[in-house]
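The structures come next, written out as structure tokens.
Presented sequentially are two complexes of chain A, the first with chain B as partner and the second with chain C.
Right after this comes the complex of A and B.
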């Protein structure tokens, strides 16, 4: 059994492969960097995720191209032309090549680890890690935060089989069927569930967090572009899980948001009095029949 | 040589184009829309489908399950006004989320109801919400924004009494819209949402708009 080495006759193949790989990889990297990656830039946090995805795709492109290139090149240049079955030469390995792939892989993985840690510790994403269960200001009788650009709006996301509703703690605890947010205003989302485990996924905002019964799961997001976004459940939750979605999430200008929330307070005034006072945990006791 | 190399390069490009094309085409699909006319839906809600007053299903595999009758799949025209009458025969079991005690998404934002008060006397009127603890079921088509709570029959009402709830709503373009009850009314199941709440044909179904 001999040591694997590239024979002189095969060197032209290696050179050709290398040139094609470098050219296609360069084109591939440039091409994938031109793409617009989800969840796009509707929120600061979503933009961070898009940039990370672009970087990962750019790093993965040469690897993907290299594998496809190798398969196709081998299939075309080294395919068996006769029906005769012959074993290839036995090979043990090649130390320089092994060192090279271990070092290159380690550098890539370490770079991604450092990049990931730096991103997680950045100001935007560090806010994502909230202290679960802390008290929220506002409450049932709380006033609005209109004009207080730096103060976070507290919104409770209530998952239930099979719909999401939203309670605005700073606006009298009014509950709504759609999630509307003001642009350029930090928002503190509190995910919880009235029954089983759901997952709140506001796709374009880059928000995805579990909604568990009896748990207050906190996520911070700052929308930076007006427009609509989609909401759906990302945790298989029963018969109508596939329909637990809403394409009418909206990021509005501050004035439009103020108008909208005032209308909601008016429309739902009667029923707001019937719902429990706002609290981080929203887990009403089961009533008679479903208990 | 050049020909074979160009095959290799073309192959790599083809694989990438195929992947991008598949994702792009899959994500760009859009439904269309049609015109329609008025339609009426007449329903009955009962505590046990085997003992309904109007459309009993004694041979149902689950005759003691709560349910909507006579069916839970309805075909209606697009962009139309749908008149709904629900003969509600079940008692109150209450909403877990009291928010669903409000009527919204109907024409006029209300419903018309005949019911029985605490003294067992018949009453009638328009309502925009009910006491969430007195809800027996809800009729909700979330994608159309229609949510209607159904008042439970008062225990002091005469035997075999029925609350009659009427309202109307508008459909959008063609599609399949699920509807469901938001009262956890499936007795004896996890959070009241198993059994008939999780089986099409009882407390949920589809509105086929075409």
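Right after this comes the complex of A and C.
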């Protein structure tokens, strides 16, 4: 401890601050861990996000408490008592403390980054990084994998002003207006847009991905609880952006889903024939007529 | 020579500029209709705005000097600062940095009023969850106008008034390096604001401040206001950046070494680097966008081989340094003001400067954190996550230096000091919430929600605007010659601080509870929180009105002039008399001490002013 020589005048302040900080931080960490963080646990990916939010808040609590404590402590104990102006002690800085501060913040930051990267590349969220599971619909979208990924259901989210439609690639390209998913089954969502940028946000599932014209943007999600979820557009897309929402997304049990999708295929058979065959993205005519 | 006798006796005043701008606008419209490739009016409107701006600047007097140099025309000369006294100097082109500072201050505060009214209208329409108060179209226009107006303001609100006024005084210079560029950086701002406001006549623009194509190509003629207005702000950023850098590098008084430079000047220095390098990227992107809209190029249109990703990359490559353009001068203000009221030297001067440069440098490597869910280069996300989180290290240094300066200090609790502490609190929340957004898994939920909206209002309004208020209460006695009322100032601080936190903290929760940004209709379950926020926002607006009242009252209705050095501060700008003489210093001062050497035994005064009537130097 040779480098961190503590001046006698600093000691009482430091001891007091340290004790208050440890007590308040402990309370703060315990308090924030009691909270239930969105997007909760309807999907594996959402649950990971909830956990990360809790972890970040638990890490942020002592930092926040510590700095606010320093501000308040200085405001209370280091205010001028005398009527006339007096100068404080001329402290020009303390290199070991500054180095320690940088090292501590660097360790915190690197821990966060490593944790974030680990979450990002973990089994569950692996394909959040956008690697397509396999090629679909004839479109060559890159290195396909075999095995587990093959079991994924491929659903295309087609955004346009101002609603989403969903194309079930594995079920004959049937197109529906509500997103129904089977529980405990990995799903590969392919976002694309027919006009401008939208963003598909299924809040309870922890899914958000931009739908760009001419782009096949991929997001992987595995629902683990049945129930409904909300869908909204999260990228400003013009006049009715605020109304681009659907509260009737459903996670169904496998048998319910099979019944439902069979019904959809039958109901929309004529329409499915009329729409263009499944592709990674589509350019409707009005946009291609540039000049 | 005969030509040199030719005289143009046009009075160079803003009114001349306006009278020239109006016909120029219609010439632009006419040319656009004549030669435009498309049958919409975009070409004409863009040309009209550009012609009007050039005509306005010519009328104000920007062409006088080039005309004289090129053709020998003797036109009305720009008056020398020594003769340029009287109230009229604030209403015409002036090359005096002090006049430009005041011009900037008033202009920006008027713009701030309009931006604030926009915010109030937005919050009013969010009193109900179903867009019945404001129809969706008007709502979208409102958020665009509020956002872009506020971006214009926050780009210049510290560098413009305070940077221009104070940098020469703080470094011991008698003028700026490029006074004409400095004046240009001011005189393009009023046209930019007017052009932006003109969008309302064309039905506004639907894109917010990000202007993402293809929406911005689909948009009506209001979008042209965004393009031209924003481009003019880019001109202001570049010209101001060149001028500030050249001034700070080249015109420091003898003895004003780099380690004696006040922290505020360091803040301006780093922000000028960013402005100079980032704004051209914005200008390039805007030119591409206007070409897409008028000439059928397709930089951003996917069906014709372009990509909206190009815009997103260019925009945020400018946009992320841009937010540090806002905050670096604020960091400078905090580290500048705190030592004077703590009556202690800055704790770790060099470390603080390293912190500023660290923020400035890292700001170039983070732009794709705005694009985590866009689908651009997913494999790069870990890198941008890391680089974004790294910025908390230099930002933490700023906090450390400030807190170290307060340690065992004799804090004089003035209004500027209160705002500095308020800044630290607000920016702490803003910074910590930024870490949530930098983490890819949590960003998936938080991106584009009210959480990110609350985050950037905490950093920009809670950060930059609180620093602006600290600067106003601290430096306006020098600039206007009148003290702002400290009693009103204290009321203003507590009112604004509480109203600000009451407005924006609940928005973090609103964002976590599934409310996207920029929506006119939202989940009715959130109506209670939204109404709370709206009422708080009204109070926040009220606190700004109180500030405006305090400013106007003290400036125009208080007779007693402020002392030359009311804070008994050591730094150079307080050693000159109030009002500041036209040439700032009788002779170039010789700097012999540091600005923050409080409590150091036998510290020398900051400068030898050569018999100038100095004020009571601290120390």
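One rule holds for everything that comes next: the second predicted complex is superposed on the first by the 234 of 291 C-alpha atoms of A that agree within 3 Å, B and C clash if a C-alpha of one lies under 4 Å from a C-alpha of the other, contacts with A are read in each partner's own complex, and residues count from 1 in each chain.
Keep in mind that, in the parts below, contacts are C-beta pairs under 8 Å (C-beta built on N, C-alpha and C of every residue); 3 or more make two chains touch, one makes a residue touch a chain.
It should be emphasised that the depicted structure is a prediction, and the values quoted were computed from it without experimental measurement.
Look at A:88: by the touch rule set out above, it reaches chain C but stays clear of chain B.
When both complexes are overlaid on chain A, the residue A:68 reaches chain B and chain C alike.
When chain A is checked against chain B and against chain C, the one touching more of its residues turns out to be C. By the touch criterion defined above, A:163 lies against chain B but remains apart from chain C after alignment on the C-alpha atoms of chain A. With both structures placed on the common chain, the touch criterion links A:177 to chain B but leaves chain C unconnected. In the superposition on chain A, A:196 contacts both chain B and chain C. When the shared chain is aligned, chain B and chain C each come close enough to touch A:243. When the two structures are aligned on the shared chain, A:235 is found in touch with chain C, with no touch to chain B. In the superposition on chain A, A:225 makes contact with neither chain B nor chain C. Shared contact residues on chain A (touching chain B in one structure, chain C in the other): 68, 195-196, 238-240, 243, 287-288, 290-291.
Chain contact summary for the complex, chain C toward chain A: residues 131, 136-137, 139-140, 206-208, 210, 212-215, 218-219, 296, 298, 301-304, 307-309, 342-345, 347-351, 373-375, 378-379, 381-382, 385-386, 389-390, 392-393, 396-397, 399-400, 403-404, 406-413, 421, 424-425, 428-429, 432, 435-436, 439-442, 444-445, 447-449, 512-514, 516-523, 568, 597-601, 618-619.
Those residues of chain B that touch chain A in the shared complex are 4-5, 7-9, 11-12, 15-16, 93-99, 101-102, 104, 128-129, 131-133, 140, 142-143, 145, 147, 178, 180, 182-187, 189-193, 197-200, 204. By the touch criterion given at the top, residues 9-10, 13, 37-39, 45-46, 48-49, 52-53, 56, 60, 63-64, 67-68, 70-71, 74-75, 78-82, 85-94, 97-98, 101-102, 105-106, 108-109, 112-113, 116-117, 119-121, 125, 128-131, 191, 195-197, 199, 201, 203, 206-210, 212-215, 217-218, 230, 232-243, 245, 283, 287-288, 290-291 of chain A touch chain C in their complex.
Residues 16, 20, 24, 28, 65, 68-69, 72-73, 76-77, 158, 160-163, 165, 175, 177, 194-196, 238-240, 243, 246, 267-268, 270-271, 274-276, 284, 286-291 of chain A are the ones that touch chain B when the two sit in their complex.
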